[in-house]
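Presented below are the structures under discussion, each in the form of structure tokens.
Both complexes below contain subunit A, partnered by subunit B and then by subunit C.
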Partner chain A sequence: MTYVARKFGFFIATLWAVVTLNFLIPRLQPGDPAEIMVKRLAGKDAALDPAQVKAMRAMLGAPDGSLWNQYVTYLGELVHGNFGLSYTYYPYSVTEVIGQAFWWTVVLVVFTQVVSFVVGVVLGAYAAWRRNSRLDSVVTLGSTFLGTLQPFWIGLLLLYVFGYTVGWFPTSGGYEEATPGFNWPFIQEAVSHSFLPALALLIVTPIGWILGMRNTMIMNLGEDYIRLAKAKGLPDRHVALKYAARNALLPSVTGFALALGGVLGGAILVETVFDYPGLGRLMGEAVENKDYPLLQTLMLLTTAGVLVANLAADLLYGVLDPRARRAEG
Partner chain B sequence: MTLLDVRDLSVRYEPKASRPLDAVQEVSFAIEPGEFVGLIGESGSGKTTLGTALLRLLQRPGRISGGSITFDGTDITALHEDDLRSLRWRDVSTVFQSSMNSLNPVVRVEAQFRDAIEHHSSLRGEAVTRRVRELFDMVIIDPKFMTAFPHELSGGMRQRVNLALALALDPKFILLDEPTTGLDVVVQHSILENVRRLQSEQGFAVLFISHDIGTVLDLSDRILVMYAGRIVEDQSAGALLREPLHPYTKGLLGSYGDPRAETVKITYVPGRPPDLSLDIVGCSFAPRCPERIDLCLEKTPPLEPLNGGRAACHVAALQRRDGGAERFGEPKRGFVGPQFVKTGDESRSALTNEVVLSVEHVSKVFERRRGFTVTRTEAVSDVSFELRRGEVTALVGQSGSGKSTLAKMITGVESPSQGRIVFHGPQGDKLVSGFKGRALRDYRSDVQMVFQDPYSSINPAKRLGYVLSRPLANYQGLRGEQLRERVLELLERVALTPADRFVNRYGYELSGGQRQRVIIAKALAVQPDIIVADEPISSLDVSIRAEVLELLSDLVKESDVGILYITHDLLSARMLSDEVIVLNGGKVVEHGPTLDVIRDPQDDYTRTLLEAIPNPF
Partner chain C sequence: MTTETTPLPTPGEDFMAEGEPRQDLAVEQVSDATRPDQWWQVVWSSKKARVGIGIVAVYVVVAVFAPLIAPHDPLDSSFVPLAGPSSTNWLGTTTSGQDIASQLIYGARISLLVGLFAGLIATVIATVIGMISGYAEGTILDDLLSFVTNVALVIPALPLIITLVAYSEVRGIWLIVGVISITSWAGAARAKRAQIITLRNRDFVTAAKFSGEGTWRIVFREIMPNMTSLVAASFVGAATGAIAAEAGLAALGLGDSQSVSWGTMLYQSNAQGAIAQGLWLWVFVPGLVLAILMTAMTFINFGVDLLSNPHLREDA
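Moving on to the complex of A and B:
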């Protein structure tokens, strides 16, 4: 119980620190966003008209008052889920913009991460158990080769072959004519649009899990409890799964939770290549357009995602590894 | 019918990167049902490899390269794993050396019994639980620990659980591979008692592998002695004790003595075991053997029947032939190599030298803070004693007795919670209390330490000359020719001669005893007033321990350094120290001149420690 409470305590404290930094950093930067906006609209060399700046500030809802007051207001807005307006998609609010992209990314990346993890861990465990077998060599060498490739590059290749040359899959976007929502035509379109980006990710992401699992498992195979399990005359399957893989899985589980946390950052390059309407593409746009409110919110979302994942990993570890509960609890 | 019959068994390791190595060479022996056989050997003798081969658990690059293993009439040397599986645990079980790790850390203890029991028997469900409870009773553990995870058990309890696990299916044969190494002496004692009782009740056969001849002698019917991959002697325990045949066995026996005797002599075997990846001509023990004759260097002695047992020694065989005694001398019972002698008079020297450090009513309380709760543990409680120049004080106690905490306070790393420690140095008195930074560095030239493990405390990438020159350059600012001279002097002082040859060698080229000499030389480099030696011999092979004890003893005689010797072994305390302090639970339970404490122990704990010393004589 204390273990859980402690982990929650750390979570809350870190989250607060992240939120505060997210508030402070833009305010410590020189320059006034309203002035920058006006300059951008009017051209670099145009003289600044105070009236324009004031109008812009009003439009952006730029805060004033002391830093402390701003901070309190900021926290209040956060609680109400109000993150301001996006410059790029003006007059839509950041919440609306992100809300649209959110599910695209979550479905695509969570799906590929889960599949990659399962495939990776199973292959890695098998390769370790049958070390130096043909399958192990194929898996290890193949992984090392594919691991050097980048998903966006594979994406370009897939796009060229299956999008343009063969024309089996659409080349950009998330859907075409269907109305977004829970209806058959839309799901069909979304799946066919997501297929290539998912494939691009699926070719590369399992590799980390394969190699990681293989290494930990090989290390665990040298442990005395494995030797004892063999001396007990248990069937190989039992030793491999209940003794070796069960222990080797522990670090991978933590890694997996963290990887899921990173999902909210989106797969920027892959989404950009496929013009996929997810958070990654959105982040690319926000950077390009100096869309501070959007960028800041995406950052906040990403860090919060990592923090939640971290918490989940810690709690899960406590369940999976009885030693963690006592050692830190 | 013979239960286990091993014939000409050889095990070869063929690593890709280095020369192949025959870890076990043509070993033959048999074990009868219900027999308790001990296998003694020191590190690197191949005893664990032999055990692993018997269980058919060798892993690449190791493999059985010759000979056969027959268990209960079945040749298992090359038996397929599937057929082997039905034999495992039901007939042959084991307790491993480092049983700290031999339980699956993420599974409750009971489940680890359950999988073995269910796989090999028809017991299921509640019946398995009952069986596990019965087994827990046998090894005297509260059955409430059945649902515990391994890390929730103490080392001793884990080892008992492993023993219970080995007994789960009433096997015919159990291999015990150093089952109590690393455990506290008192715990070791009670576990081995337990093993002996269960063996006589249930009648399983045992091969008990250990480096500790004392425990092996205590428990076994028959003893095999292994050296450099071969069995060099095979005798019943009684005969081995009365008339050891092989000089190596004599050396092992000679490493022990009775600490209560007026004069205690312990011997040591100089040198180190051979490198098994090189071809050895003649007897592999010959280079270290004091009884060696020319034949030993030419021809490998076979393991031949001798005196009702077997031995692989030319000299022993020749001496026992008709008329052999005249040509080769009477058989010698003891080891005729170097020995370290301590007389009662030496031990009785009055404690009159100048006091160099006084510990006055020192206590140490550790606080562990977690959230709002603070746990206090009193590691040391109201301890007082004095260290004198040119004398050795032994601090004896088991793990957790507070001896390491006390050592940390004396070396200035921790500060006492109560009381004070005063160092009476040449520059006047100094209050020792948790030094930091520069003060700690300065204090290091007054007090030096020698640690337990000589294998990891020498930088393997540097030559000995460099290793020894560092403290000299750092603390005494020596340079150039002066520095070199001093390094050679240090090597001479710890008897690493000729010194100019050792200067250019690396730590890993030396034997354990020689390494510990280097560590001692390093400690001496800064000319300290006090040396704190924390279990300096406990990681060394028994046959070379006296070598280091003798060196420390000579140092004290020749200089005015005061030594605090920390140990759990009363025999070495007797050999080395003038005064003994026995610590238990942070308190001094016994304190006095060494002979008095050892001959007339007042505390139960001291008596248990004394009983734990193997006494082959």
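Moving on to the complex of A and C:
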């Protein structure tokens, strides 16, 4: 129980730290943040529009109040899910804009993450089991090089080859004419539009799992219980899967959330390249248009997503490995 | 290791031995190679590291002598736009008539500068926090520093970096260096904390305590020299990550507006629709030189790993 409480405690504390960071970032600059932002938005020499400054202040909290009062107001707004209006998509609220893009990214990232995990763990385990074989050398040396490629660059190349030169896949957007919703034409269009972005991520993202799994598996293969299993005359397959791989999987579970952060980072750029209608492209647009309410909410949302995944991975790890509960609890 | 090149490993010898598990970093490792000239020998004994050092050396030469090597000013837009490769413009020109080859050559400067300085700063932060936290293990100070480290580790870096950079009016290279450094030290700090915990109860530390040395002196003068290889490995890792982060930021249009980097080249080419117009060289080359540099640095780290883990050393 202590283990679970500890992990929940860390989750809450981290979430608080991120929320506070999000509050402090716009206030790090000297001067009245609302005026500065409006000025930046309208151009240096333009006159300040009082209405805009007021709207900005509404987002940033009471301008005259102390930092503490602003902080309390800010927390109150967060609790009520009030993130302000987006400049880019005025007069829509940030929540509405994000709601449109949310599932595009969730589907893309979750699909990529799950496929990477499965492919990476299977390849890594197989490479370790057939250590020094030709397949092992291809997998490990190939991973070292592929791991340094940038997903957005791969995306640009895929776009050039499969989008423009061969023309197998659409070059931008998320769908064409179909009405978004749960209907076959839309799903077809969405899948063909998501194919290249997913591929761009999938060339890089399994690498961490492959190398990690291979290393742990090789360490585990040297353990006594493996020798015992072999001495008992268990078939190779059984030793590899039920003994070595099963234990080697454990550290991969804790790496899940950290890897998710990486996939999200890659997705921001890949979505921009493919003009994919998800949160990443939205973040790119928010940067370009200096849409601070949107940008900050996106930062908060992606971070919170990773924190939740981290909590889930920690809790799962506690269930899978009793030693973790005992050691920390 | 022999000098002849063997493309595929011979059976029985683990060709990936250099990249072997690093889990045991924290377990046992007061390296036997303690003097700088011996480190160099150990790192140089790895064929991968030799290749990596050679490639990085070429990049450094290109960056330092960029004005002599580059045929044109990277921002000079007086050429015919959209030209293909020619003797004047080796890799063709951009949509605004800039020379792609010259941009590529000058771009090496940004990547190496960001890698060097962001790598150094992140390593210093990681070392100070990790060492203090590990030496103070079990105290409130350690709890606090460990918490900060874990928070920094779990927050996804790129969205945070983007948000921080998006707020600043002037996006100079030092702002980018600073933002990347303060968001990328956590993993290395955790590794150093784990290692100092294994070192702090050694006899030489106890002896230093009894001889009345101060805590700072014990941590940074007595213990730290034993961790130099870990510090070096984390520097190379941090520098590699910083180069990637700069490229990503610049590719989103958040690069230093005063200079040309490979990331800004990718941003420009994407924004100008290079792909749709068939200008694939403009896109292909910056990403390729970036990937080669990062692979070379990964190779160097295989060599540096040998320092901290004698078990990995190939029989020389």
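Here is the rule we go by: the second predicted complex is superposed on the first by the 286 of 329 C-alpha atoms of A that agree within 3 Å, B and C clash if a C-alpha of one lies under 4 Å from a C-alpha of the other, contacts with A are read in each partner's own complex, and residues count from 1 in each chain.
Just so we're on the same page, contacts are C-beta pairs under 8 Å (C-beta built on N, C-alpha and C of every residue); 3 or more make two chains touch, one makes a residue touch a chain.
The structure displayed is predicted, hence computed values, not measured ones.
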Of the partners subunit B and subunit C, which touch A:Trp153 in the superposed model: first, second, both, neither?
second
Could you figure out whether subunit B or subunit C reaches more residues of subunit A?
C
Output check: A:Leu295 vs subunit B and subunit C. Expected answer is one of first, second, both, neither. What do you get?
second
Tell me the contact category for A:Tyr164 with respect to subunit B and subunit C: first, second, both or neither.
second
Is A:Leu269 touching anything from subunit B or subunit C once the two structures are fitted on A? First, second, both or neither.
second
Per the touch rule above, subunit A residues touching subunit B in the complex are 2, 6, 223-225, 227-235, 238, 242-243, 246-247, 250, 320-323, 326
Residues on subunit C engaged by subunit A in the complex (per definition of touch):
8-9, 11-16, 19-23, 147, 150-151, 153-160, 162-164, 166-167, 169, 240, 244, 247-248, 251-254, 266, 269-270, 275-276, 278, 280, 283-284, 286-287, 290-291, 294-295, 298-299
Residues of subunit B defined as touching subunit A within the complex:
55, 57, 84-90, 92-94, 96-99, 101-107, 115-116, 119-120, 149, 151-152, 370-371
In the complex, subunit A residues that touch subunit C
10, 13-14, 17-18, 21, 25-26, 28-29, 40, 131-132, 134, 136-137, 140-141, 144-145, 147-150, 152-153, 156-157, 159-160, 163-164, 171, 211, 215-216, 218-219, 257-258, 260-262, 264-265, 268-269, 272-273, 283-284, 286-288, 290, 292, 295-296, 298-299, 302-303, 306-307, 310
